[in-house]
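Mind having a look at this structure? Questions to follow.
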Amino acid sequence: MTLLAFARGPALQAALLIMIAGIFWRLAGIFLLPPRAQHAAPRHSLAGRIGGGALMIVSRFIPHHTFWPRVAMSVVLSTTFHLGLAIILLGGAPHILLIHQVTGLTWPGLPKGLIVISSGLTLASMIVLLIRRITHPVLRMLSTVDDYLSWLLVFLPVLTGILLAGETIGGYGTLLALHILSVELMMVWLPFGKLMHGALVFAGRWGMGMNFARKGAAT
Amino acid sequence: MTDFTYLPDEGLVDALIMEIADLLRRLIEHGEAGSTVLLRLPLSPSRLTLDHCLGQGEIAVLLDAAGRSTIRETSFPGVWWTTHADDTGRVIAMLIEVAFVPHIVRADIDDVARGCQRLPGATNAARRARRTVA
Amino acid sequence: MSSDAKAAAPPAEVPNAGQVAAAVRGFIADIGPTVALALSSCVHCGRCAEACQFYVQTGDPRYTPIHKVEPFRRAYEREVGPFAFAYRLLGLAPKITPDELARWQELIYDSCNMCGRCSLICPMGIDIAELVERARHGMFAAGLAAADFLGVLAEKEHATGSPFGLVRSQFEDMLHAVGRDHGVVMNVDKGTADIVPTVSSIDVKMYPASMAAIAKVLNHMGASWTFRTDGFDADNVSLTAGDRAGQRKITLGIVKAALACDANTVVMPECGHSFTEMRWEAANAFGEALPFRVLQITELIAEGLSVGRIRVNKVPHSATYHDACQLSRRGGATAAPRVILEALGVELHEMEDAGATNWCCGGGGGVALIKRAQPLMDKAFEIKQRQIEVTGVATIYTSCSGCRQTLEHGGKARNWNKTVASLLELVADNLKD
Amino acid sequence: MDDRETMTETLCAMLARRGFGRRSLLQFAIAMTSSLALPPSVAPVMAANLAKAKRRSVIWLSFQECTGCLETLLRSSSPTIDSLIFDFISLDYQEALMAAAGDAAERTLREAVAANKGQYLLAIDGSIPIKDGGVYSLTGGRSNVEMLAEIATNARAVLAIGTCAAYGGIPKAYPNPTGAVGVDDLVSGKPIVNIPGCPPVPEVLSGVLVHFISFGRLPDLDDRKRPLAYFGTTIHDQCYRRPFYDQGKFAKSFDDAGARQGWCLFELGCKGPTTHNACASLKWNGGASFPIESGHGCLGCSEPDFWDAGGFYTPLAGGSPPGWRNAGIAAAVGVAAGAAAALAARGRAASARHKAGPSPEETP
């Protein structure tokens, strides 16, 4: 069995199954804890609270005006990185193909040039984010193995992806196998570390939005 | 293939035109002949485009050796479109040559010498041939 | 009130193993999905630091809000997280050591106002202020609540219902004395009443006029009201100290008092944390929706103004308004004070970041009661000072006695010519006859 | 003229004898340099070298094969200018082509080996079965393994022609009942040139032979011992549909609008990106076309284990996902484990509450 066949077959299956099981495990482990009933009279109706939850999912992408001078760097970098990643993931034709194969959903892809530019921006922003993480006193103190591992496991697919798109070093087959394997590594790690925020971010914002709408608190 | 609304390799044609221009400059400045091979380029549908761009010149040479070849000057003097085919007509080489006269057109000195030896007997040979036919 | 406390702040003592175990139990005791989600979500982006006055003013990374709940997170991952067994097995979240717990006392108490600015910036939607409140449960359970005024007051409150150990008869005498001093009729311990106002122990000790002011306003409204000495001091120092049992005792005391006189409204004093506790948590402690409304005094006045039950004279002058975090950002009572100021014809010069993103005075979350936190608090206060100075006004109104005290204290230390005043008292002094 | 004389006659003399001038040789050299991707300026040098060169003995052994490779090479080259190359090699042993049979054939082989010891080129097509002592393919009672070992010993170089000889090919496909392997797995200490393909592009063999004859050495090889000139790039790199790939324009079926527009066949399973070969430029059937130009994706036939590398119509970017059923089971397992963790957590929290006293959440 070639590396590529392994990556596309058993490794893909194992990684996906581990990821799915892990995500559900973690979600169940969080959401099946005893919920805290809220008996106080809410300031807003249920509809208002749902609106608050939905709004916060969107509004927390951009910080309040007053925070900007202090967090502009962080916001710009991470937005670039996340947006770039989303463009690559959802716009790259081979990715759409894989999603189509797994889920049956499909949509038109973006030109490869755009994907390459996005990959470049993503890669660059990730490197700067890493440098920041290492040099900024707050980030250095907060960072754990999880942060660096998660960074690496996202960086590798982007790197191998950009090499694959450029087809500069190594053969397409090898690069493709490495690219797929690196994604699979990331998938395996996803439920257990900070990468899980991809799912938790929506739950967190939703919950906070609902809660703050209930209290009429500032969002 | 002719109903293509968009030729995917037009960029390649542009690149080739640039290269040919470069070869022409070298020919003018240093008298250096050059050529570029077309057959192994992924040009499939738009070789026609390149042909169309270069156009037809004043001179064409027909070579009938181990196979049949045409060496045709394009509308740009010094730029020759050379196609070598085998004896079944299959194209085995295709290249753009940039030269005052393509190398293969020039007679080889050994061939000339051999011909020179043969020449005095040419009339006898021709008579012999006529007799055989008669 | 600081003059009353005798105990000096002892340094954080290294706890024993039993205390650490108690802390862990305190951390995990009321774990639920919201807290679990919050503790699972942090991506270590560090933005919360930029929202926190203690970090902004000192540049010390330890004051990063999410870092303050690190022992809490570790306890969660290790004891009750989805992968707790793996965390224990592989030592991924090492056991909290006594040393660490001692070091974290300063971070969980001294350097957090629970102001919730960090909760406002967190891209993951983690309510860090809420996490700190819960982390304090663990610290308190371990006997590691910041030991000086905060700890002492909380202990007394738990035992007697009042941080200063005042008993019902003392309340009653005091109220009548205040009534006499200010020439206002005081209703105390009536059998039935629609409105039951409460006070903060800061009012009792520092601002007795504000108790008279409440009475004036309620009398002006012609309301049926009464102070209840069995549910009187809403301060709830226990909440900020992390004493869940004490917190519950105070809260339920007020609920019972209001129920006893069939009240339809409980009015919370000019105080931050007591409002959020009563408004949002009392019903949970009670176990069902409360049969009465909980209003902060500014909400009651704003409502009275809008329906014409309260009429005030215009007193045009320039002033700024300091939002108490728990009332404005956290409690949703941001509009009420502004409605009142407008009715009074006060020309309001808002500070930068007023309302939703205001900066805490520095004393919130019980920090004002921790003596050793004083230098840190002063640092935080500098932001407020700067912002107030920019407005160019001489008067600062606020609706929180805690903020009022902190602002006055900070001003005094800087020889300020600014006046810090209560919005309630301003209203009480300018009621139309 | 007997064989011995033929072997010593130069190509130039032979061509002159047959009425061809230097131009023919140059024409041929141009075609060959073009095929070998050498600069056109090398053509005159190659022509001059060829003029002085001598014939080479080639011994061709067929093992576990289908004769498709030989068919392709013969059919494409017999009437063409490449046939010149056949004038220039002495194909001393080829079972399918030679008149001799049986003992006579075996004798021919022995003589050819003896006469050209250390000089002949050994061409192999077909894989070599090594299971059970190699009994699955015998010639004159001798196993392929045995013959290969013996004849390769005295060869100047070994040419493994076709995917079977190069990598084991289809006989090696799962479950590989005969234990088929390629030449490279058995022969060591000899230069080996792999010319994979099922069948291989005939011009590649011509190119390798001409290179060897005119320059006296084998062309540059890649890490899989394939001539770089032909296998240095992928089909994808040379594909005229490549721009569509770059633009993200893909045919979704063989008869949709995209397919008619000549869009990229990547999503229909084309293995062009992982396949190294010269099809896209040299093409097939006299340069008429190649599979992608004819509307079908590349099968990747010149790559090792191409038969087992997933379906021909499975896109490269795709894989074999676990399926909804398995995903559902994984999710259920996850939920169960998570629920168990939550249950354990509830227990721990309750015991913590019990030890710590009443909580504000409890009803009075």
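First chain written, first letter: the chains are A, B, C and D, and each begins at residue 1.
Assume a residue touches a chain if its C-beta (ideal position, glycine included) is under 8 Å from a C-beta of that chain, and two chains touch if they have at least 3 such contacts.
This one's a predicted model, so the numbers in the text were calculated from it and none came from an experiment.
K.L.:
Going only through chains that touch each other, how many steps at minimum separate chain A from chain B?
P.N.:
2
K.L.:
If I average the C-alpha coordinates per chain and also across every protein chain shown, which chain's average lies closest to the global one?
P.N.:
If we average C-alpha coordinates per chain, A lands closest to the whole-structure average.
K.L.:
Please tell me whether C-D or A-C has the greater number of C-beta pairs in contact.
P.N.:
Pair with the higher count of C-beta contacts: A-C.
K.L.:
Looking at C-alpha means, what's the farthest chain from chain D?
P.N.:
C
K.L.:
Could you put a whole-Å number on the gap between the CA centroids of chain C and chain D?
P.N.:
So the centre of chain C lies 78 Å away from the centre of chain D.
K.L.:
Cα centroid separation between chain B and chain C, in whole Å?
P.N.:
Those two chain centres are 93 Å apart.
K.L.:
Using CA atom averages as chain centres, what separation in Å is found between chain A and chain C?
P.N.:
It comes to 37 Å between the two C-alpha centres.
K.L.:
Quick check: how many Å separate the C-alpha centres of chain A and chain D?
P.N.:
Distance between chain centres: 41 Å.
K.L.:
Touching two or more other chains, which residues of chain B qualify?
P.N.:
none
K.L.:
Which positions in chain A are in touch with at least two other chains?
P.N.:
25-26, 28-34, 36
K.L.:
Which residues does chain C have that touch at least 2 chains other than itself?
P.N.:
30-31, 80-83, 281, 284, 286-287
K.L.:
By the document's touch rule, what are all the touching chain pairs in this structure?
P.N.:
A-C, A-D, B-D, C-D
K.L.:
Quick one: in the complex, what on chain A touches chain D?
P.N.:
1-2, 4-5, 7-9, 12-13, 16-18, 20-34, 36, 93-95, 97-98, 101-102, 108-113, 115, 167, 171-173, 176, 180
K.L.:
Under the definition above, what is the set of chain D residues touching chain C in their complex?
P.N.:
337-338, 341-342, 344-345, 348-349, 351-353, 355-364
K.L.:
Would you mind writing out the residues of chain C in touch with chain A in their complex?
P.N.:
30-34, 36-38, 40-47, 49-51, 55-56, 59, 61-62, 64, 66-67, 80-83, 116, 119-127, 276, 279-284, 286-290, 293-294, 328-334, 352-353, 355-357
K.L.:
Sort out for me which residues of chain A touch chain C in the complex.
P.N.:
Listed in rising order, the residues are 25-26, 28-41, 43, 56, 60-61, 63-64, 66-67, 70-71, 74-75, 78, 133, 136-144, 147, 192, 194, 196-197, 200-201, 203-209, 211, 215-219.
K.L.:
Considering only the defined contacts, which chain C positions touch chain D in the complex?
P.N.:
22, 24-26, 28-31, 79-85, 141, 244-245, 247-248, 251-252, 281, 284-287
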